[in-house]
Amino acid sequence: MEIKRTIKYEADRVPGFGRDVMSVPGCEALEHCIQCGTCSGVCPLSIYMDYTPRQVMELVRSDFKNEVLQSHTIWLCASCYACTTECPRQIRITDIMYELKQRAIKEEVYPKRFPIPVLAEEFTKMVHDYGRISETWLVTKMYLRTNPMAALGMAGLGMNLMKTGRFSLKQDKIEHREELAKIMEAVDHENGKAKA
Amino acid sequence: MSAKKEELRIGFYVCHCGHNIAAMVDCAVVARYVETLPGVALSRDYKYMCSDPGQELIQQDIREHRLNRVVVASCSPLLHEHTFRGAVEAGGLNPFYFHMVNIREHDSWVHTDRGEATEKAKALARAAIQRVAHHKALEIKKVEIHPDVLVVGGGIAGIHAAMTLANAGKKVYLVEREPSIGGHMAKFDKTFPTLDCAACILTPKMSEVGSHPNITLWTYSEVTKVDGFVGNYTVQVKRKARYVNEDLCTGCQDCISHCVFKEPKFADDFNEGLGKRKPIFIPFPQATPQAVLIDPEVCLNFKRNKNPDGSPVVGDKCKKTCVEACGEKHAIDFTQKDTLQEVKVGSIIVCTGFKTYDAGRSPAYGYGNYKNVYTALEVERLVNASGPTGGEVILREGKNADGSPKTPKSIGIIHCVGSRDKKTNLWCSRVCCMYSMKLAHLLREHTGAEMYNFYIDMRTPGKGYEEFYNKLLEEGTHFIRGRVGEVTDWAMTPEEEGRLVIRVEDTLAGVVRRIPVDMVVLATGLEPQADAGEVRRLFNMSCGGDGWFLERHPKLAPVSTFTDGVFLAGCCQGPKDIPDTVAQAGAAAAEALVLIDKGYIEQEPNTAHILEDECSGCKSCIPLCPYTAILFDEGRKKAYINEALCKGCGTCVGSCPSASIVQNLFDDQEIFSEIEGVLAYD
Amino acid sequence: MTKEWTPRIVAFFCNWCTYTAADLAGVSRLKYASNVRVIRLMCSGRVDPQFVLEALAKGADGVLIGGCHPGDCHYVEGNYKMLRRFELLKRLLADMGIEERRVRLEWISAAEGEKVKTVINEMTEQIKKLGPLGMPQKFETWDKEIEHLAVEVQARDAAQGPCPTRAAQLKPMEAVHA
Amino acid sequence: MKYAYFPGCSLKGTGRAYEESLLPVMKHLGVELQELDDWNCCGATAYMAVDEGKACAAAARNLAIAEKSGLQQILAPCSACYLVLNKTQHYLHEYPAMRQTVSRALATVGLRCDGSSAVRHPLDVLINDIGLEAVKQKITRPLKGLKVAPYYGCQIVRPYATFDDQSNPTTMDRLLETLGATVIKWPLKTKCCGGSLTGTLPEAGLRLSYILLKEAIKRGADVIATVCPLCQFNLDAYHPKIAAKWEPVPIPTVYFSQLMGLAFGLPADQVVLNRGMVPMKPLAAAMA
């Protein structure tokens, strides 16, 4: 039997993390959480999570940054907003999950070879490069980066898509890609300024 | 002006209120500043002005330093103005040579910068010093109190208040909207935590009310109009037609059995729609008064004979077997009409109760969608021996293996339905944890089912309540800490097929669970009555933001309202259980008794009067007065005010074009000097 | 003082609703700007437009009036009477060149401590943006100008004798004042 | 009636049947749709996970283009697009800092977005602008006998939609009833289909799709009607995998617009039932 320490010392906390998250637009209401568990009760994916959504909320509020950013929970959120709609304290749990995903990506602490953040990154990159998403390419790229073998298992699906005329290898793109690039650059500039 | 005749000698006191004021306002600085103002003879700061030594200090100073005005800067005048006026009077001064400055609620508690808060205190103090110079000696007037009392609402609160007053020899009018008194308590089977039978303890009180010589009981009646003020209220009551003469009906119920409807056919409100009644009915066996009534919406006599405008008329298209059965008593009277009755009372106790949260507003729990989802009040009737099933717990949907109506093998009770939720009601309804456990116990007793209680936090703060929780734990009831996400009927496993599934996070175990049950009970919370807004206006009360009637002070005046002579008891003021309700009803009765036995009430002398020489006789003030206290002397062409009717709002003063109306305690000079005073800072 | 200028606001609160709400704000320890000085009246109906003018003339940069919600007046309808007067007052102030936002009427019930806080903070911010009203200073300048004018007129009268047309114009004005 | 039309990436790719059926239906009802000039991807759920500011700016570019076009109403048929564009509107209104960042960024390319346009879903437009009476007028082939499970998915009712109830939406129910179909009562109307997890984490995502398909069949539905390209894909494309893991659940999933086209008697190339992977036999049988 392998044993692991589960106690948390004060040194395990990152003081200010909770406050910091709660200062982000959309995440303010977290301070009202009464830990009732409605979010976990309605979450269709809570059954696969390492921490239930309720536990994530408390971990954030108690400054357990590392535990939260490394958890699978934030990546399992499918953004169905059921928790946000049902929460008796009107906490926008889905938006908090987004915020945590962003932080995990920024700090590169998400589980490696985990397809979900990879998909998000590839998606974003494609929007940057072309302005639009071509689903076939996107999925192909994701499999190549995470689990190339699994791509083979998708061949049947590809065939079916082709049969129904829904398979396309053409990369769709917008005309004014430079315009979008400029907007993105400006956002970075604004955010950099705000942080400075 | 009197102030000119004698030298002004103002005493000023700034209170630390422990740290409450002193932590944010530099009291010594304020005292030193006020000392420099004209007319101030003495300026002190003191730890607790409202304490006996503090009041003693004022009295001593008045005597020793010949003070003729006093200003105290401390908490809100709504809290202690009365106290300090008393001290001033005890010191030998007219109590109205006093003014109070609020530097706690309006200053130290709401600001964060000590410098700014101190500056504000100085400005407010200066305003009071300037104002008090203009104060005049006034006399307190006494108003007589009519000894009769109106109690509105015949639930346990109204019953207890009425009985207390009646036993003290006072005459009481008890007005109840429903055809019988008893309220919600009459629907309950047992009461927590003692599990004594609700009917057994309530019924004797109900019949006592019905027969008490000092109580006039008007059921099926509503208050429609309230005029007057403390001591002298005129109340109009609408008595709805029950088409049965209450005095002649003996409650034999022969009419019911002889009704042309052989079987009960119409949804029975008292049984939460779970049972049926006939058009002529008695709400429940122990109803008080013991008199039947007719529902004109469904009674054939009215239904078949209607005026073109839809109003009922007496016709001959029903056989009227009820009248026949009533025989010589002649209690049934199809010609009865709604009537208006007027009574005079001196005080009013409002006990209009609550309504339960509409479970349909929480669609995730499937009420109305899944038949075997019940509200707690429905279950109260279901387990009740006099309920629609005779106390047998049988489900609305499904059959047992032998074809008999289905009895549940497992039951989930969901706490906090509609409560503690920003989207519905944010408050905790206080009784649901306890009644849920009571129902868990009763349902288990009746069915032997596996019981699950889903709670957010278990709240058992009452005598014997925690012990009751412990008893339930011993009985083997499952307590799962988690607010239920949803109740559905789709199955993931064979055992879930055909049952209701509760999906919840067991937050203490940290796992999400699916629990199949046969019956779901929703512990719906308590809400203000649907017409609480109108009732509030009727009696000139206030409501909190949540809709419950507002008491005058949450701690020190819990049964008084902002209107003198109107008191509150029971759940109309906020959710509470039966012991608290009865205690509050007793308190409200005691408050009314204080008024009655004292015989008079002292009235704040803030009334208005007209300076006859200044009045131009324009009459513009006359329509402004809501109490018709302003009259016109046609001979002298001047308006004059009947000070007995004046309530002291000052509306006429604010609009007199010739500035000829003066309001005591709020005259122009006093206010102008206060304005100047608050602005003289920096 | 080097401190940043902050507005002076005088508030007239009715005893039953808004004053009680301000007490509630205190009991709830809500925090708001310290610029407001509250004067308690029994009813917002007691607010004489002259109180507002007096406050502005004596140096207030804004005036806040708080009463019960329509239909909730402790004295049946004093707040309605105030509302009617308030509309006229706003027109008068506009004619005097005083910005409408300096004077505000709010219905705040006894339960709305939170609203007291929001309204006071909002109003403080708004008036900060408008800047000082400075009526006392303006009066001073006007007084000086009139003194100056009077001296000038006297000098001219001394030189030329009273002006006949001016005397003729004064008459109807006096008639109006009478 | 004229609307700006924001198709989104899916409607040009795997969800093309949605566009192919929706455009003729709208035209048939006299509604003019003008595709937004050079629109870009809304960002869907993935972008928000990477950078909120940029996600908002990218979505706002589309809102700005719509405002420039002078059309105040944007029709966004895809649930993700509908949500993201709405969410962006909300953020721009609610958070001044976000509004400032985004408007400055847009200004660098001469665009501005004052948040004046309304993002609308086809169901909203059909019920509230066009009206079911007008829809009824166009029916030539009522869907008598067809049992449909209305499936709304998550993102059109949660969390921003105001045109329908968040827990129990009924707009599609009413539309389908108008078309003559029988609407199945089921509690899974707004349950999650698995979203992009069907691709990234199949064991979690496909389970949700399986439950939906299984329950629809159990309750006697012939077909599931959907409003979202991702839902349609998840419920249509993974049948072999679902059958291998649990059991076969052969029920087709089509867009509500396809059912409308069918009821309107539009030609087959405008109803495009051939785009589905699950055989439409039950549909054809029920219609026969």
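For clarity, chains are labelled A, B, C and D in written order, and residue numbers in each chain start from 1.
Just so it is clear, a residue touches a chain if its C-beta (ideal position, glycine included) is under 8 Å from a C-beta of that chain, and two chains touch if they have at least 3 such contacts.
Treat the numbers as computed from the prediction; the structure is a model and nothing was measured.
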item: Interface with more contacting C-beta pairs, comparing B-D to A-B; value: A-B
item: Intercentroid distance (Cα basis), chain B paired with chain A, Å; value: 49
item: Euclidean distance of C-alpha centroids - chain C vs chain D, Å; value: 56
item: Chain B, residues touching no fewer than two other chains; value: 364
item: Per-residue overlap in chain C, given as positions that touch at least 2 other chains; value: none
item: Chains grouped in pairs wherever the two touch, ordered by label; value: A-B, A-D, B-C, B-D
item: Complex interface listing, chain B residues touching chain D; value: 363-364, 366, 369, 488-490, 492
item: Partner chain C, residues of chain B touching it in the complex; value: 76-78, 102, 104-107, 109-113, 116-117, 119-120, 123-124, 127, 537, 540, 542-546, 550, 562-563, 606, 624, 626, 647-651, 653-655, 663, 666, 668, 671-672, 674-676, 678-679, 681-682
item: Residues on chain D engaged by chain A in the complex (per definition of touch); value: 9-10, 12-17, 38-41, 43-54, 57-58, 61, 91, 94-95, 97-98, 100-102, 104-109, 111, 154-155, 158-159, 166-167, 190-192, 194-197, 199-201, 203-205, 208, 237-238, 240, 274-277
item: Interfacial residue positions of chain A with respect to chain D in the complex; value: 25-26, 44-45, 48, 76, 78-82, 84-85, 92, 94, 98-99, 101-102, 105, 115-117, 119-121, 123-124, 126-127, 131-136, 139, 142, 156-157, 160-161, 163-166, 168, 172, 174-176, 179-180, 182-188, 190-191, 194
item: Of all residues in chain B, those that touch chain A in their complex; value: 364, 416, 420-423, 456-457, 481-486, 503-507, 510-512
